[in-house]
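Naming follows writing order (A, B and C), and every chain is counted from residue 1.
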């Protein structure tokens, strides 16, 4: 299918879409700068691009790819197409970690914050995985429901802690995903998504095997628990860094892998790059939309994705039932 | 009697049941047989209003299925499907008592209790009537569910693979009971069954299905024939008559 | 019958705690003042307890699931969004903020209206899997949370303080007139659920068997959902987001009592709920001296208990 050409028409089309969107993202903004200004050596333009626009674009790319791949990995190891960081409590645990670190760490470095958030995300997700392994009969649709209840419980705890420490408004406004506050120097942690995604690609065939089931995996000599653990760690790295830098982007990890697998099947090695790609495109498009709708003000991306992601999610659920 | 005409069911573009005709007379046992995926369970489902058909009609007695009120129909038609996984703790007696619901809406009278006890003894499970379902074996649980259907005391009884999970002795007892319900109490008993020998021995009529269509239907002698069986199951059959009953041999093909 | 003994103990415990709550520290001089203060509060607690537990129990029967509660349909997020919209749209001095009654009427109308719309759209499709409905509710809940969060960014800390109060369920400032008015619809709804007990019992056997026994499962589900919605909407608007409370009481009821009959279980869970809420509120007032609200305790306790349930695989 992709045959002799190294770069098929598909790839060229895909790259073009990305370039168009990326350029739009770079050019859009309240400050009055143009590419021309940049190239003519205007320092003000140079600053804007370097400090705000380009980091913003990079953050979008990293977050979009990171969360989408996290969702894909989660779906494989949970053997459920509706698993995602938002429906397995991962994001809620990350938020809990964030509030805890705000209370306990005060003025520590970003890396300490990340460590705490990451730890909470890992343990929370592992706990959920363990819980799920105990439940016998579970319909496909019940798993995300249980995950959401679980996430709600964790959220209640988070809200309580925030309330006790007068952090509720901070927490609530901070958790709404917003790329507007991304500046050079405060987003670099997102680069962790890159090794996470690469490792996910490296372990892809093992995740695929695990997705068939525990007994199947054992049968072919795969250490099931180990691969689940690795998967959870990778997911937690991506989720923790995105939650910490950007906030909560609902449904992303859920809908992107599902849409991609609708068209390309479930072979992880094959769909992983495309999942990352479409995750980036989706976040980019929604971000641009958010900046345009009430220009020059911004509508946070989480609202736009909530609406779009919600509709797609419902469509996927309805479609699944119809074929069942 | 129940008459099915032109019943069809589609999932997407595929016909799971296509243009099926059948008659289920009272006082007789009718067995629906066929290989996996033939549409037997779906046919049963549609006839008993558990599933909606996409075409065709079902005539129950003198009224079309669509005209029957479900509550009223429950007094005349009972259906039991395959998987019965219950989470609540019921005793066998409590489960069988549910069978009286269409008649008494949950308020059991002395007459109801008599019927319930009769159903229990009919199925031979009076000795475990106070045990909880979860304490029973799969076979005993199945008997309890069938007793519930018997307690419902309906003219028409539909059972989807009632012999699943039953050992030989229980299977024979169930088939004898079903035959008795039809012959002595004039009920129409319709069962989907995999074991064609049980079908041949205990039923009066057979409906043979393949790929969603009714391939052959009629009295046992007219359907249990080597050509028909080989057409449906696609393996060689040898049919013998033993003790007056037809027996199919297909094991060493 | 052991269950009979247990429930008698429960009845006495409830009467006891209610009397204690109302009567504690009363003297001939002050009883009029305190009674006027405490009676509506206790009534509110009792009503909320019964509404939440009865609706959660029936909800679990309909969804054939021991983990879910009506809260998953997004009532709490919708309620919060309404409160945020009121503050943002009308300001903190609006009658909708200050006076409980208009706020209550608006909140319940919107919540019930939204649910009915959801059910109408859903049941019209002819689908019979209720989980799909729940997922749609979840998606809507997530959307409401996003919107509420976004709007929260725009308000100043004073306005936020008003919103924050709405985030937690509380009996501390109950409007007496409102409570009295709520009694009628709640009692009617409760009666409706209670009278449907026998039909609900049949649902324990599964959809197919229930249909065979003459129950129109789709219609029953729809009717129950509407009543459940009304009860939860009223309870939420009266008291605040109630999240897991239904889960705790219903699960405990199922663990403590053996019977499967709904008429028994509905009453048992209501009594249990009343007992917990009244004692919880007493605890908040006398021991914690109003330092926190009852909903925080409920969520923590309920949440932990929920996790415990899951770990011990006490579901399905």
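Simple rule for what comes next: a residue touches a chain if its C-beta (ideal position, glycine included) is under 8 Å from a C-beta of that chain, and two chains touch if they have at least 3 such contacts.
Note that the coordinates shown come from a computational prediction; the quantities given were computed from them, not determined experimentally.
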Taking every chain's C-alpha mean, which one sits closest to the mean of all protein C-alpha atoms? C
Please indicate which chain is farthest from chain C, where distance is taken between mean Cα coordinates of the chains. B
Euclidean distance of C-alpha centroids - chain B vs chain C, Å: 44
Chain A-chain B separation of Cα centroids, rounded to whole Å: 52
Report the inter-chain centroid distance for chain A and chain C in whole angstrom, where each centroid is the mean of the CA atoms. 34
Any chance you could list the residues of chain C touching two or more other chains? 316
Chain A residues counted as touching two or more neighbouring chains: 137
Residues of chain B touching at least two other chains: 85
Hey, which residues of chain C end up touching chain A in the complex? 65, 67-68, 71-72, 125, 127, 129, 131-132, 134-136, 138-140, 142-143, 146-147, 149-150, 152-153, 157, 160, 164, 167-168, 243-244, 296, 299-300, 302-304, 306-307, 310-311, 313, 315-316
What part of chain B is in contact with chain C in the complex they form? 48-50, 70-75, 77-81, 84-90, 94-95, 98-99, 101-102, 105-107, 149, 152
Contact residues on chain C for chain B in the complex? 64, 66, 197-199, 201-202, 204-206, 208-209, 211-216, 258, 260, 316
For chain A, which residues count as touching chain C in their complex? 86, 127, 130-131, 134-139, 141-142, 144-146, 148-150, 152-154, 156-157, 159-160, 163, 168-169, 172-173, 175-176, 250-251, 299-300, 302-303, 306-307, 310, 313-314, 317-318, 321
